[in-house]
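Note that chain A is present in both complexes that follow, paired respectively with chain B and with chain C.
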Partner chain A sequence: MARIELKDVSHSFEIAEGKEKLEWAVKDMNIVWEDGTANALLGPSGCGKTTMLNIVSGLLTPSKGKVYIDGKDVTELSTRERHIAQVFQFPVIYDSMNVYNNLAFPLVNMKLPKLKIKEKVRKIAKILGLIDYLDTPTSKLNSAEKQKISLGRGIVRDDTLAILLDEPLTVIDPKMRGKLRRQLKIIQRELNITAIYVTHDQHEALTFADKVAVVKAGRLVQIGSPHELYSNPESPFVGYFIGSPGMNILDAKLKGQTLSLNGFKIELSKSITDKIGIENSECQLGIRPEEIITNREKTTGTIPFEVAIIENMGSYKILTLVRKNGSDRNLRIKTRVDIITSYFKGDMVYLEFPEEYLKIFKDNHKIY
Partner chain B sequence: MGIRIKNVNKSFGKHLVLDNISLEFKDGDFVSFLAPTGSGKTTLLRVIAGLEKPDKGQGRVFYDDVDVTNISVRERNIAMVYQDFINYPSMTVYENIASPLKVSKNKMSAKEIDKKVREVAELLSLSDMLKHYPSETSGGQQQRIAIARALVKDTKYIFLDEPLANLDYKLREELRGQLKETFSYNKKGIIIYATADPLDALILSSHVGFLHHGKILQYDILDKIYNYPQYIEVASYFSNPTMNFLEVNLVKENNDYFLKVTEEIKIKVDNKLKDKLNKKEYLLGIRAQAIRPNRQTKNDIIIKGLVELVEVVGSDTELHFKYEDFPLLGLSQKIENYQIGNTIDIFIDPSKFYIFDKDTKELVCRMEGEK
Partner chain C sequence: MKNRAWYFIIPMIVLMSIGAFLPLMVVVNYSQNYIFAGSAATYVGLANFVEVLHDSQFRGAVSRQFIFTFMILLIEIPLGIIVALALPKKGFWVAPCLVLLGIPLLIPYNVVGIIWRLFTQSDIGVIPKIFEVLGGYYNVTLDSFDASSTILLLDVWHWTPLVVLLVYAGLQAIPDAYYQAAAIDGASSWRTFRFVTLPKLRSVLTLGILLRLMDSFKIYSEPLLLTGGGPGTATTYLSLFVARKAESYELGYASAASLIYFFIVLVMSYIAFQIITRIGKGGKVE
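Showing the complex of A and B:
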C-alpha cells in the first residue's frame, strides 16, 4: 500500500527535440495521493492527465521534479520496480487462456507454489465476481468481464502498491458501464489499495473517487472531494465543469457594494465587499441553477427574465432564461424549478439570487 | 397529415428485428424511440426514413397519406443525422453546411444559400466557426455541424439516430438543450429520434415509443408513458436512474388492506384502489426520486438505510443503500457527503408507488390513483 507524491513535476515533450521555447504538457504539479484512497484525475482530452499517469507509473521520466512512493524517491525507477499495476482502455489479457490461467499468469512468472497461486487466484476471482468463470475461455467473456481480468492480473500480486486506471470504461458496452463503475469502486474499497483513475467523464470521476484532481492545460486547477468541488469551486471552470447543468457564470462589474450585470444590479452586503477588499473591478458572478429562486410573480427586488427553453428532468425542470427583448443573446441563466408548475416559452419569471450562494471570481480565481 | 406505418416487419436473415409495428405521427410531433441497444430502434427509424425496406408483405409506410414504401430515400426529401459525426473533412464548416443545398434539385442562388447557412449556423451557435475545418472543432461542434446540414435543407421530416451517444456528459447536456431549442422552432414537421438514454427522451420528446424485442410495448404522449408506464420493462428503463422493485403481499387487517413489504412497512391501500387488487402478491415500483435522505411529505415512510455506495451524477447524489435485505437506490438532489457504512434515515413518499402485477408485468395502478 502506498502514498504517492508528485513534487514540482513538469514535463515537456520538446526538451528532447532541443526546442528553446517549450510547451509544457504538465507544469508545476504538486499532488499527494494518500495510502488506500480512491482518486481521480479529471480533465478534457489533451489536458495532460495521461502524461501525469505515465509519470506516476514510470513509463515516463519527468523533465523536472520528483516522484515519491511512501517517501522514497522513485523518479528513476521502472514501472516494475515501482510495483504499480495499470489498467488501460483496452483489456490486456491472453485470449487463448481461460480466466484462471490469465489471473494466475503473473504469479506463475514469480514462481510461487501451486497451492499458493490457487489460493490467491480464487480470492481475487471472488472479489471480481468471476469465481464461477475460472474455467471459461476469456474469448467467451464480454468486455466488462475482460476488463475485470486486466484489473485482476494487476492486483493478484501481493507486492502491488497501487493501481492506475486510464479511462477503463471507454470500450465497455454502455449497458454494463454503470455496473462495472460501481464494481471498481467496491473493489477499491475492499482491497483498500491506492487507486488513481484518469477520465474526462465527470460522472466516472465523481463516482469513483474520494478526491478528484481537476486538470486543465497541464496544470492542477483544483483538488478536493466531489462535495468540495461542487460547493466551493475555486474557478469558473470548475464551477461549470462540476454539476449538471453547470454553475451560471455571468460577467459583472463591482463598484462599491453594487454588482452590475448586463441590465440588472445586485446589492451586496458590506460583510461581503469587505472580504473581497476590491472597490472597483471587472469580475464574474457564479451561482448554481439549483440555488436561484425562481418566482412566477413579481416582487420587490426580483429580476425579470423570459423563459427560452424548458427541460423536464423527471423530478424537476431546468429553465434556460434570457433577458427580455433578447437584448443580449449571450446572457443566459439556467435555474432549477419544481416539476409541478407549468412553464411555457415566453413566460416571465422573476429571480432572486440568495446572497449565501453567490460566488465572485476575478481573473479566473475565486475572490469570494 | 403526417407519417403512418402499418404492419411493418423487418428481418435480417432469420432474425426478426421488427415485429408487426403500426404507428401514426402527426405534424409537430417530436417522437423518440427509446430502448436499450439491440432492440430494433435504429432499424425502425431507418425503415420509416426509407434507408431500409420493410419485409415483403403487408408492411407499408405512408408520408402525408401517400404510400412511400417503395420510394427511395433520395426522393423522399428527408434529413438524417447519425451517431457518428459525418462531415466532409476537406471542407470548411460553412461548405459542409452548404453542401446539401448545392446538390439539391431545386437550385438556390449563392445568395440564398449564404442566407440559409448563416441562419442555421446562428441557431446552432456555429457562427464563429464557419471558416474552420471540422477537425479544428470539438466533438460537440462536429455533431452540431452534422445537425446543421440536416436542418439547412428545410425538409419536413428529420431523423436522428442517437446523435448524442458519442459525446461526453457536459457536451451532451449542452447539445441536448440546444436541440430542444432548435426544434421548438420546427412545428410543421416531424422529428424522429432514436435513443438509449431515458433523459434524451424525457427532455426532447412530445411522444415516446418503447421497443422491446422488436415490438412497441407502449407508445404514448410523454406525460402518459413517463407517469403511467404500462409494463415493468417500460417503467424500469424509462426512469433515470433505474426504478426500484420490491415484492409485496396484500394483507387484510380488520377492514383495511395493506401492502406489506416487511412487518415494519405496511402501506395502507386507499379504498378506491381495493377493487383493482385481487391477487396476493404484487411488485412495488419506486423511482429513486421518491426515496430521499430528507423529508418530502408528511406521509413519508421513514426507514433506516445502510449506505453502500454513493454516486455523484450531475448535481444529484445517488445513494445505494440496504434496508434489511433489500438493496435500494435513492436520490438526493444535491451533492452531499455520505459516509459508506453509515446508517441514515431514508424518507419514502408512498403516494409515488407503482403497483405491478407480478405475473403479467402490467401496471395495476398507482398508489395515488389516476389523475
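Showing the complex of A and C:
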C-alpha cells in the first residue's frame, strides 16, 4: 500500500537525444495518489499519460523533479526496487509457460520455497478467476484471461505497493471488455491497493476510478471525482472531453446581463452576473447536450435550430443542430433526445437552455 | 473447376512438372535399371537400392553427412544468436554491421570454394602460414581432420550471417513491454533470455534451422573445389558421392542413391520441424 507523489516532474525525450529545442512530454507535474485509492489518468492520445506512468514505475527517469512513494524519494530506484506492478496495453505473458508458471515467475525469481509459491499462486488465481486454468498453456487463453495473468504476476508478490494499468483494455475483445473492467475494479477494492489506470477512454476512467486526473499536452488540467469532472469542468477542454458527446462550447459575449451568441441572446439572472463580476467581455458558454431541452413547438424564450444530423445511439438519439445566420460560420450544437422521438433532417426545433446547467468560461477557465 | 484460383496456379504446375517432377520421375526410372552409357537399359527392380544400402562407401558418406549437418547446426545457430544479441539495436553502427555480415551471403558457393582454396593452399595460403608460425601443422590435402574441419569452418563463415540476420530481425520484432515486464518481475538476464527472447524467436529459429539443415545436406561446390572430397573420402558428403557415381556412368546406382538421399533430407526436415514446433508450447516447465 502506498501513497505516490510526483513533485515538479518534467520530462523531455529530447534531453536524452541531446537536442537543443525541447519539447516537454510532461511539464511541471504535481500530483498525489493516496494510499489504497483507484485513480485514473485520462487524456487524449499523446498527452503524456504513458510517460507519467513510466516515470512512476521507474521505466523512465524524469528529466526534472522527484517521485515519492510513502514519502521516500524513489526517483533513482529501479522498477523492481519500487515494488510496483505494471499491466501493459497488450497482455504480456511468457508464452512458453502455462498459467501456473506465469503467475509463479516473479516468485521463482525471488527464490521462494516451492510450497509457499504454490500457496500464493493459488490464492491469486482464485481472486482472478483463473483457478481452473492453472495447467492450461497460455496459448489457449483469450485476451482477457491473458491480461488477467499480466495483472496476476504483479499482485502475486507480497511487496507490491501499487499497480499501474496502461490502457489495459485496448486489445481485449469488446464482449469481454466490460466484464474485465468490472473485475479490475473488484480486485482493486479487494486488495485495497493503490491503482493508477491510464486511458483515453473516459468511460473506462470514470467507471474505474474514485479520482480522475485529466491531462492535456503534458499538463494536469483538472483532478477530481468522476462526478465533479462531469458536472463541474474547470475548463472547456474538460467539459468537451468528458461526456459523450462532449459539452457544447459556444463563443459568446457578455454585456450586462445579456449573453450574446452568434445569432441569439440569453438573458442571465442577476445572481449569476454578480458572481462573475465581469462585464463586457468575450467568454464561452458551455452546456451539456443532455441538459438542453429540445422542443417541437415554439414558445417564448426558445431558440430555433434546424436538424442537420440524427445519430441513433440505441437508447437515445443525438441531434446535431445548426442555426443558419447568413454567414458561413453557422452555429452548431448537439442535443440528446429520447429514442422514441422522430426527427428528420431539416426539421425545426426550439431549444431551451436551463440556467442552472450553464457554464461560463473565460480564458480557458471556468468563471461560473 | 469451380474455384478460379486453379487457373492461376496452372502455369506454376506446368513449370514445376518440367523443372522438378519429370526429372524426378526419370531418376525413379533410372534407379530400377542397370544402365551403361551407350547401351540399352536392363530392368533390375530394386537391386540398385539394395546395392546402395549395402555399400560401405554410401554408408560412410551418410554418416559423414549427418556429423557435418549436426556440427553445422550446433555451431551456427547458437553463434548466430550470440552475434545477433551483440549487434547494436539502433544508431549509426547498425547499417555497417549488417552490410559486413551480409557480404559472405552475397558470394556464390563456388567462389567461396576458390577463396578458401587460396587460404588453405599449402605453399601460399594464409592458414598453413599461421600454423607454421605457431609451430603447428596444417594440410588440407593430406590430413583428413584438417580437411573436414576446414569445410566446417568455411560453412560457418559463409552461413552464420544468415542465422544472425534472421535472429536480428526476430529480436527487433519483440516489443519492449516484454523486457519491461521481465524487469518488473525481477527476472535475471538469463531467465529473461530463456523465457522472453528465446520463445519469441521460435519462428525465425525454426526457419533458420530448417534452412541450414536442408542446405547443409546439399553441400557440394565447396568440398569439390577445396578438397575434391579428399583426402581419401574424408570430405565426400552425400551430394559429392552421388555426383561421383553419376560421373562414372553408374547411372542406375547414382539414381537409387540420390532417391535415398532425397528421402533422408525429407524425413530429417520433417522431424526437425515437428520437434521445434512442439518444444515449449506451454505445459510444465519447472
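Here, the second predicted complex is superposed on the first by the 351 of 368 C-alpha atoms of A that agree within 3 Å, B and C clash if a C-alpha of one lies under 4 Å from a C-alpha of the other, contacts with A are read in each partner's own complex, and residues count from 1 in each chain.
The working rule: contacts are C-beta pairs under 8 Å (C-beta built on N, C-alpha and C of every residue); 3 or more make two chains touch, one makes a residue touch a chain.
Quick caveat: nothing in here was measured; it's all calculated off a predicted structure.
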Joint occupancy of chain A by chain B and chain C, clash or fit: fit
Chain B versus chain C as contact partner of A:P226, first or second or both or neither: first
Touching partner for A:G314 - first (chain B), second (chain C), both, neither: first
Partner chain(s) touched by A:I186 [first = chain B, second = chain C, both, neither]: first
Chain B versus chain C as contact partner of A:Q89, first or second or both or neither: second
Touched partner set for A:Q147, first chain B, second chain C, both or neither: neither
Contacts of A:T50 with chain B and chain C, given as first, second, both or neither: neither
Contacts of A:N248 with chain B and chain C, given as first, second, both or neither: neither
Per-pair minimum CA distance [chain C against chain B, superposed on A] in Å: 7
Chain C-contacting residues of chain A that also contact chain B: none
Touching residues (chain side chain A, partner chain B) in the complex: 173-175, 181-182, 185-186, 189, 200-203, 206-207, 225-227, 230-231, 241, 243-246, 288-290, 308-316, 318, 320, 336, 345
Sites on chain C touched by chain A in the complex: 175, 177-178, 180-181, 183-188, 191, 195-196, 198-199, 280-286
Contacting residues of chain A [partner chain C, same complex]: 57, 59, 78-80, 84-86, 88-90, 92, 94-98, 101, 104-106, 108-110, 135-140, 150, 153-154
Sites on chain B touched by chain A in the complex: 36-37, 165, 168-170, 173, 176-177, 180-181, 184, 196, 199, 202-203, 222, 226, 239-240, 287, 289, 309-315, 320, 331, 333-337, 340
